C-alpha cells in the first residue's frame, strides 16, 4: 500500500521538507511526497513566465495564483495525508488554506508548529489529527501507520 | 428566499460586521448573519468558563477551541455564503481557515481585504467569487443576488 | 411542498421568462422562480458598478463575471429544477453552463429549444429530463409534478 | 504519479489536440490524454452504426448522443484535469458542457480561447483555474504541476 | 418536525396508498406523502399530452417516461423515507427502481410485500430497513419514529 | 435559526435527557431534541408489536432493530448536532454507533462521560468537538452557539 | 486505461455474459468483467453453505442475500460501467436494482432488452446511457470508448 | 482485482486476525489486510513515544489517540470491506466505532460475534452485510466475492 503525502508550508526555506523526505526514505516508507513549487521566485513569476508580461502588479499576482492553485488542487486531491508546517515568519495563509482544505475534505492532517504559535493556531491545531513540533515527529507518525507491532 | 451569511474575520474589532449588518438591514435584504463569538476575551476563555480550571495554558487554548470550533462548524454548515474580512493586524489564521472551508465546500466566498494584502492573499483571493475592499461593496454583492433588473 | 426553479438562458429578451412565470402563477403552482440578472447592460457592467473603474475591457468582463457567478451559484444551489432555454441568437455558453451544472449536480433539467437546434444541442438534450419547444410545455411539465391524477 | 487529462473541444479539426499530445510527449510528462471521438462524421453516425437505421433525423442524433455521452462520462470521470479549447467556429455547446461539468465536479479546468472570445466566455473563464490562448501554454501549465523548482 | 414519504409502487390500483394516507391522517402524523402520478392511463400518455402526437409507440413511451422520471426524481429527492409496495401483479420494475434509488441514496426504505414474493425479492428486502406485509404495519413504523415512549 | 440535536445514549434511565431538555427550555434555546425510543422495553419488543410473534429470540431482536434503526437513521439525518452520553453501566454500543456516525457524517459531536471512562473512550473522545462530564455543560455548549458576546 | 464493467442480469442462463466476455476479448478491450455469482443454485444456498442449516425458508433466503449483497456492493463499487440485461423470463428485480443503483451513483448504464419489453422498462431505459437489443451491440458501445477515430 | 480489508477489533489477542490472514493466504485471495496497531501496550503509549512525556494520564491517552486515529482513518479510507470482530471481553467501543464508520461510509461490513452478544449488538448487526460467528466464515464470505460458480 502506497500513500501520497502533501507537504504544505512556506516555500522560502525548504529544509523542513528535505528532512521529512530524507527520513522517510531512510525508513523506506512507501510514500510519494508532493507539494507546492519550492522555488519561491518562480512561484511568484509563473504567471508571466507562461502567459507573458502582465499590465500591473495585481495581475502578476493573480496569474501566478492561477498556476499555483491548479497545481495545489491537483496534488491535494491525490493526497492521502497533509502535513502542514507553520513557522514564526511569513503570513502563511496558504499553509492555513491547505490545512483547512484537508480538514474540510476529511484528509488526515499533521500539524508541525513551534510552541510560540500555540495560541494563534489553537483552532486549526484542534482539528488536526496530530500536532507536533518537529519534522522528525511527523515522520514517526507516518511510519506508525505502516508498523504492525 | 432567505440566505444565511457567515461573517468570518478577526473578533477584536467588530465594526466591519456591524456595518455589514446595518447596511443589509437598511436594504431589507432577507439575510440571517452568523459568525464567531464576537467577544474576544470570552472566545479565549470559553473552555474554562464551561469546563472549569485547566492545568496549563495549552489546555486553556485547546478547550476554548473545542467550543469555538463547535460553533463555527454548526454555523458554517448553515451558511449559503461566507464573507471573509482580512485586515493588516493579527495572524488571522481562523479567517483563512473559514475562507478555505467555504472554498472546499463550494460555498460562495466574498473576500474583503486592503490593497496592502494583495500579494500574501493572492492564492486565496484567486479562489474567492468576489474580492473587494469595503464592507459596503460586500453588501452590494449580496444585494445583487436579490435584484431583478 | 414548494419548489425552486432556476430559469437559465439569454438575458437580452426575457419574454420567455415572463411567460413561464405568468402561466405558473395562473396555475397557482407553489414555485419560486430564480435566475440570472435580467438586465443585460447591468449584468455586463456590475463589476465596475460595485468595484469602480477597471483598467481594461478584460477586467471589466472578469469583474462583472465575479458578481454574476456569485449570484448564479447561490441561486442554482437552491434550485430543485433548472429550465434552460436556447434560441437561435447569441452564443449562449452560460445557458450551456447552467444546464451542464444541473446535469452534474443531478438537478432535473427541462430544455426548451427550437427544432433548428436539434443537431448542435443533441448531447445536452440527451441528458435533459424533458426536451420541449415552448415555455408553455415547460410549465405543463412543472404542473405535472404536483398533479395527483 | 500519473495524471489523466481530458481534451474537450470541437472535433472537426484536431490539430490543437495533436499539438498538446506532441508537446507533452516531448516533455515526457506522465499523462494519459483522453477525449471525445475525434472523427466528426463517425461521431454523428455512431448511433446508426451500432443500432442500425433510425426512422428520422432527430433519432439519428439522439442515438449518436447516447454513445457519445457514454464515452464522455466514462472518460471525464477518470480525468484529473480538463482542458477545454474554444475557437471562433461552431457552437461548441459540448465544449461548454464538458468545461462546466469539470467545474461542478471540482476537476481543475484549463481554458484555451482566442482574445476575440473574451466577452462571451467571461463567466466560464472566470471559473477556470487557468485561461490561456495557445496549446503550448496549456502544456506548460501541465508541466508546472510536475516540476520541483 | 415534518417528514416527506414517497409511496413507490404500481399505479393501477391505488387503494394501498389511500389506506396509508388515511391511517397516517387519523394518527395526525406530520407527514407529506408524495409519489408517482396515480392515474395509470395519464402516466402512459403524458408525453403526447404535453408534446403532441409521437411518430411511433417507442417514442410515446419514451416521452411519457421523460415526464414521469422528472416527477419521480424531484419528489424522491425531497423524501426522507421511501415506502415501496410490491404485489403479485405487474412487472413492477419502477417499484424496484425507486426502492433501489432509496437504498443507493441512504434514504430509509420500508418494503411491503406478500409472503409469496419472499424469494424473488430477497436481495431487495435484505437492504430495506423494515419489511412488512400490510400498509397498516408500514404506518405503524412511521408512527414509531414520532413516539416518545 | 433553529437547530436539531440528537440525544444518543442508553435508554434505561432518561434523566440525563430530561435535564438537557429542561435546561435548554429554560434558556429558550431554539432547539428541537430528537433521539431513540426512550421506553427500553418497548424498544426491545417493537418488532413483535408491529410484525407479530417471531419464531425465536434472534428474530425478536432483529425485527426490533429494524424499527429502531429506521427511527435512528431518519432522525440522525435531520440532526445538526449529536450529543452522546456514556455512563458506567451497559455496553452502550448503540451510543458508540451514533457518535461514530456523527463523526463520519461531519455532524458536530458533544460527548458526555464520567472521568472513569477516559481510557476506554479515548479514541472516540479524541474525535468529539466537545468532551464534558455533565448535561449542564453540554447545554452551555449549545447555548454558546447562539450567543453574540 | 483499464475499465471495470459489471454484468447485471439473471443468472439462470449465462450465455449472454459469455458472449460479451468473448467478444471483448477478441477485440482486446482492456476491461475486467465482474458480476453476480453465476451458479444459480449456489447463489440460493450460499447462506446455508457458509452459516449452516437455517430454521426456515425465509431465513435461508435472507442469509443467502447477505452474501449476494456483500458481493454485489463490493463489485458494483469498483465498476466504471454497468451492463444490465433483461429478458422475457423471471422477475429480474435484482437486475432492476443493479441498474438503478448505477443510475443513482452516476455510473454509466447500458441496457440490453428485447423489443417486447419496451413498455414495462420505459422509465429505466429512459435513464440508461445506451439501450440496445444484443450483447454484440453492448460490446460495440464499450469498444467505442477506446477508439480514436 | 485486489481488495483491501480492514480488521477492526480488540488488540489484546490477535489470534483471530492471524487466522483470517492465514486462511485468506491459503486460498490465495488477492487481499491486503490492514487494521489498528496490534501491540496493545504500544498503542497506549504511542503518544509519549513520539511526543515525549505528557503531564497527566488524560493527555497520555489523548495523544496516543491522535496517532491511533490518524492510522485508523488513513487505512479505513483505503478499505473496500471492514471485518469487525466482537468478543466477550473489553468495552470494544473502538470496534463499534470502526464498524459504524463503515456503515456510514457505505463500506460493506462483516460482523463476527459470539451468540452471547446477539442482544447488545442487535442494531449494529442489523446494519452489517454479513453476521457470522467465526473468522473462518468471514474468510468464506470474502472468498465468495471472487468465485465464479
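First chain written, first letter: the chains are A, B, C, D, E, F, G and H, and each begins at residue 1.
Operating definition for what follows: a contact is a pair of C-beta atoms (placed from the backbone, for glycine too) under 8 Å apart; a residue touches a chain by one contact, two chains touch by 3 or more.
This structure is a prediction, so every number in the text was calculated from the model and none was measured.
Q: If you check the contacts of subunit D and subunit G, which chains show up for both?
A: In this structure, the chains that contact subunit G and also subunit D are E.
Q: How would the subunit A/subunit D interface be labelled, same or different, where same requires over half of its residue numbers to be shared?
A: Different, since most residue numbers here occur in only one copy.
Q: More C-beta contacts across C-E or across A-B?
A: A-B
Q: Cα centroid separation between subunit E and subunit H, in whole Å?
A: About 38 Å separates the centre of subunit E from that of subunit H.
Q: Hey, how far is the Cα centre of subunit G from the one of subunit H, in Å?
A: 31
Q: Measuring from the mean C-alpha position of subunit A to the mean C-alpha position of subunit G, what distance in angstrom results?
A: Chain centroid spacing, subunit A to subunit G, equals 44 Å.
Q: Name the residues of subunit B that each touch 2 or more other chains.
A: Those would be 66, 69, 106.
Q: What chain-chain pairs meet the touch criterion?
A: Chains touch in the following pairs: A-B, A-C, A-D, A-H, B-C, B-F, B-H, C-D, C-E, D-E, D-G, E-F, E-G, F-G, F-H, G-H.
Q: Which stretch or stretches of subunit D touch subunit A in the complex?
A: Touching subunit A from subunit D are residues 1, 3, 80-81, 106, 108, 110, 129-132, 137, 140-141, 144-145, 147-149.
Q: Name, in rising order, each residue of subunit D that touches subunit C in their complex.
A: 57-58, 61-62, 64-66, 68-69, 72, 90-94, 96-101, 103-105, 118-127
Q: Help me check something: in the complex, which residues belonging to subunit C touch subunit A?
A: The touching residues are 55-56.
Q: For a test of understanding, state which residues of subunit A touch subunit D in their complex under the given definition.
A: Touch list, subunit A to subunit D: 4, 32, 34, 37-39, 42, 46, 49-51, 66-67, 69-71, 73-75, 77-78.
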